[in-house]
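In the two assemblies presented below, chain A is common to both, partnered first by chain B and then by chain C.
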Partner chain A sequence: MSKFLTRHQKPVLWTLLVVFIAYGFYFWDSVRTTSILNFTLSYALPLILAAMVGIIGERSGVVNIGIEGQMLFSAFVAFFAAAATGSLIMGAFLGMAAGLLAGAFLGIAAVRWEMDQIIAGVVINIVAAGITSFYYTPGKSLPAIVPRIKIPVLSEIPLLGPVFFNKSVFVYLTLIIVVVLQIMLFTSKWGLRTRAVGEYPSAADTAGINVFRTRIFNVAIAGILAGTAGAYLSLDAAGWFERGFTAGRGFLALAIMIFGAWNPLGAMAAALFFGFASGMASQLQADEVINIPQQFINMLPYVMTLVVLSFSAGKVRPPAAVGQPYKKEG
Partner chain B sequence: MAPLLEVKNVSKSFPGVLANDNISLTVNAGEVVALLGENGAGKSTLVKMIYGLYPPDSGEIFINGNKVELTSPKAAIDLGVGMVHQHFQLVPVFSVAQNVALGAEKKRYGLYDSQQAEEDVAALSQKYGLAVDPAVKIEDLPVGTQQRVEILKVLYRDAKLLILDEPTAVLTPQETDELLEVMRGFAKQGVGVIFITHKLREVLAVADRVVVLRNGKQVGETKPSETDQAGLAKMMVGRSVVLDVKKELAKPKEEVLRIEKIVVKDDRNLIGLNELSLSVKAGEIVGIAGVEGNGQRELVQAITGLRKIEAGKVYINNVDATDSSPYQVHKMGVAHVPEDRERDGLVASYSIADNLVLNRFTEAEFSKRGVRQVEPIKKLARFLVEKFAVKTPSIETNAGALSGGNKQKLVIARELAWGPKLLVAAQPTRGVDVGSIEFIHNQIVQARDNGAAVLLVSAELDEVLGLADRVAVIYAGKIVAELDAAAADRNKVGRLMAGGDTN
Partner chain C sequence: MIQGEEAKKLHPTLSYLVQKQSLVVPLIAVLVAFLIGSVLIALQGVNPVGAYQTIFNAALGSERGLLRTLEKTTPLILAGLAVAVALRVGLFNIGAQGQLIMGAFFATWAGFTFTNLPALLHVFVGLLAGVIAGGLWAAIAGVLKAYRGVHEVISTIMLNSIAIALLDYLVNHPFKEPGQALPRTVPIFETAQLPKLGFVPVGFLLALLVAMFISWVINRTTAGFQFNTVGANKFAAAYAGIKIKYIVVASMLLSGGLAGLGGAVESLGITYRFEPAFNKGLGFDGITIALLARANPLATIPAAFLVGVLRSGAPSLQFDYGIEPEIVDLLLAITLLLVAAPILGKLIFRKYAKKSETISSGWGS
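On to the complex of A and B.
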């Protein structure tokens, strides 16, 4: 524990600072603070999951520009499957399966067929947009809403309780995924191999690691997370589906991945920060503290993306082999 | 007892080349077999097949008397084969221990056990006298130490057959001697070793047997006791090779390069060059002698515009070239043969022809209104490939597919072809076979005789002493002595390189 603290001093201090400030505001105005933080989390959740998809891909050397399409396709499948079968669980599962399928396509196209990774991703986005608008049928609705699960004791904590511990299964799942991925990536055998494959594939190859298999497997598995994000969006966050439903979140997630320096926890922090900024802006708008046309408020995440990327560019370093198909040569 | 490794009638071809033609090779436990041959003879191809990187087109491989199918490096590793590659295979951002353990990780609580890995590596490095700190990142290590990590990697997997593909090309003479010692130690413990090198001295010092390849064919086998350097060179190339450089006395003319007290930082932000001054005249070769890491790399990069100059001036033909861009420096007539050909010397995914005009594609001859002129480029490429004997099936082949030494020849050809006023050559014959060394040396001398100024940096003291008209000894970022070639003998220069004084 003490070793953990000395090694991760900065993030731990930052977290404490944020919690401290949050409680400060909470005692000042508990209703608004809780509502902003609730907004923050639900806004950030799909971005967190999508950023994990990007991180797994790029850490293994594959750019995933198709997260947007993977999420859109999964959200579509989840919604209509749930509507047709009358079961949210069925919808969620099929949504994840759709994500797996889209992930596997990217893996096979980019690695086995050595297709340009950007093009493969764009293909996914276009096909997903096409399928989901062509087969879109209006007038369907979900059989139920996704239940909140109250965690005993923890949900009683002021502020943290309602924000984190009285949520749907998607929230818990996401938090677990981020932590597990952080640990796996940096301390497991899988993580070591994944990063080797993304940094210097021929070194991994000569050490007896199957570069192709590792990449395809990782990108496909990441697809399940994209599927989870899609299912969350249509089943839980919105409760409906519409064309172009993901609204660029897949691309935003790539910026968040970079801002988080390709670390799961870092990306989560970045996504929460984005969510908080949007939540704050909407709240101020609603309170008529500021009076800016709604369109500018909606632009906020994209403007922040630009600002953040131009500041972090050059400071963080992507995995060295990202975007390059691996070829064996002399 | 069956031999450790038996390769029987193995052939392998690439588009347009028969890289291995019916080769057979036996290695017994406890034996060091040197594999010798010109650039592109097929040495790397042969050992890569033994390591499972390429499948042979035909032929069989036996290990301990059993026929084996080596479909991947993993299969080879599991059979006790280990290989140190011509081009290092280390993940730069990983620690030494992580690199060593990669692919053969031990687990604790289901996770990668980094502590165990560091302990194991420390124990191994102690046992074999390969000093290295397991926790340091690879990118922070000098090449000699990286080489040790490569060897530790192989030891960690308990290899019974050790393949070393030109491991000494990037080592200093001292490091080389240590490595030869380590190899002998392995052989004593019953490991079989295949050793590829272009340095005949090393072959004679360490090998039990020498197998020679030429043009993909096996042309002979001998023992160090039955031959000498000249004999080996002749077997390889098929003719007698002149191992000494023949040249006239230099006739230096006007000054081309003048360096005045430059200060430059190294990669770790420490002082790399400390008020270094140097001058090179047209028609002379100035050789920099020094132990690696005393500022040679920084000097070359400072001149060629690749490194920021903190203080001092660099003049080329009396024009201030301090902190010019590499392109501007090139336009002033400076050619650069970089020490790391893979990274700085060529574009692996471009054709040989395009690589040969990398420094000239904007010239009127090769580009008209911004359009590349294919025919003139091809013509030049065919001429240079022929002249510098670059071994390749065609000029359209990607540079990445060339053998190591042929990549080097490609870079030399490009840099010498346009008649530069100043040639800055770092390790110009690294990884090049003896026949081609002779040729490259002659080309450099010829460039000098045509009036070019030449600055030669080489880790091979013999190369510096043999080629230079004037020897400048670099130590701790400063030129500590300049000697006329006639006055520069090995011992004296060696003392100066170690920081000793002139007397």
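On to the complex of A and C.
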């Protein structure tokens, strides 16, 4: 524990500071603070998952512009599967399977076919938009809503309890995924191999790591997370599905990934920051503290992305081999 | 490319086809997509032959249908050119949609704001406003790319969303047509309207001319040479003294200008006003068109025409058979998949297949 604290002084201090300030506001206005933080988390959740998809891909050397399409396709499959089978679990499961399928496609296209990774991603987006808009049928509804699971004791804590510990399974799953990924990426054999393949594939190859297989496997597994994000969006967050439903979240996630310097925890912090800014703006608007046309509020995350990227894109360093198909020499 | 010695051993016809595979593959891709599409249509319980007949009849069978098809094709050519020009520099401008609607709005704005302009001049001012608006909108992404290292795919997508929100605001508040429920602007003055020559819209002819001009610029001028060099190898380009940052911004400016022109031509020649419900998805079709045309400016014309035919004919498919017009999105997506993924090329040409070219690499500037 003490080793953890000394190694991660800055993030720990920042987290404590944020929690401290949050409680300050909570004692000032508990209802609004809780509501803004609830909004923050539900806004950030799909972005966090999608950013993890990007991180896994890019850490292993594959750019994933197709997260948007992967999420859209899985959200579609999850919703209509749940509506058809009458089971949310079946919907979520098939949604994740759809994500796996879309992820595997990217992996194979980028690695086996040496296709331009950006084009492969854009193709996923366009194909997903095509399938989901053609097979979209209006008038379907979900059999039930995703239940909230109250965690005993923890959910009784003021502020943190209702925000973090009285949520659907998607929230817990996401938080666990982020932590596990952070640990795995930097301490496990898989993480070392993944990073090696993304930074210096020919060295990894020399060391006996199968670059192709590692990349395809990682991008496909990441697809499951995109599927989870999609299932969360249609089954839990919205409860419905509409054409073009993901509304650019896959691209915001890429910006968040860069902002978080390709670190799972960093990306989560960035996504929460985005969610908080949007939640704050909506709340201030609703309270008529500020009077900005709704369109400018809607614009906020996109403008923020551009501003954040234009200050951070040059400063953080992407994995060295990202975007380059690996070719064996000789 | 084709290996010289080996190719000679092939039958001349075959060797010709191998050499022309950047033409052959897209054609076969379209055919295969139509075949897959016919299976999907049949699965909906509709005779695919009849369905395709309906599309082509509606799009090409009558003078009215043909006019509508040409009108649909016009902005598509320009959107396709916009994406193609950027691709030549190694930039993937997936924000043609945002640039196009910015162009459409500001052309309309010029069309209803300036009074007492002579007809020809007014049209010109309107088109220019569209080009400038689209160009500047894309140049934001170009500047961010060149000077801040922000990848254009993300920035142009963000600019799309910002443009949609911004224009939604403009047509709902400052420029809303008074007394109208729909969010839209007032119509443009008659002096700003693009006329028709016979049944051919002038905008269509303009788009053809622009495509030829861009083809000339890309293939025959110094600027085009610099574009291609930066796209092929930016290290070599820098070594040769080409100012890469300048080329990046200039090419985005040109690319956005073309998309903006596409929007302007639609506003001034077809819709005569701006309404957010118009111009949907044109920029994204531009991506498909540019990739189908392999970033060749002249090839965007037939590619755009194909998309225009499908888009123009699809609504009657719904009318006749109850098939959603979104079948076109599906058909185009399958085509794009087949063109972009090197599956077809490898299947047909085996070892003679061209390597798929790498256009963009990672997030580096």
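What to note about this one:
By definition in this document, the second predicted complex is superposed on the first by the 329 of 330 C-alpha atoms of A that agree within 3 Å, B and C clash if a C-alpha of one lies under 4 Å from a C-alpha of the other, contacts with A are read in each partner's own complex, and residues count from 1 in each chain.
Quick note on the criterion: a contact is a pair of C-beta atoms (placed from the backbone, for glycine too) under 8 Å apart; a residue touches a chain by one contact, two chains touch by 3 or more.
Quantities reported herein were computed from a predicted structural model and do not represent experimental measurements.
In the superposition on chain A, A:20 makes contact with neither chain B nor chain C. In the superposition on chain A, A:318 makes contact with chain C only, not with chain B.
Within the superposed three-chain model, A:4 lies out of touch with both chain B and chain C [touch as defined at top]. One of chain B and chain C touches more residues of chain A, and that partner is C. After overlaying the two complexes on the shared chain, residue contacts for A:28 are found with neither chain B nor chain C. Chain A contributes residues 63, 65, 109, 113-116, 118-120, 122-123, 126-127, 129-131, 133-134, 136, 243, 247-248, 251, 254-255, 258, 293, 295-296, 298-299, 302-303, 305-306, 309-311, 313-314, 318, 322-325 to its touches with chain C in the complex. Interface of chain A with chain B (complex): residues 183, 187-189, 191-193, 195-196, 199-200, 202-210, 320, 328-330. If you check the complex, the residues on chain B that touch chain A are 44-45, 48, 51, 53-54, 72-74, 77-78, 83, 85, 89-94, 98-99, 101-105, 107, 110-112, 114, 153, 348, 400-403.
Only residues 40, 92, 94, 140, 144, 148-151, 153-155, 157-162, 165-166, 168-169, 172-173, 284, 287-288, 291, 324, 326-327, 329-334, 336-337, 340-343, 355-365 of chain C touch chain A when the two sit together in their complex.
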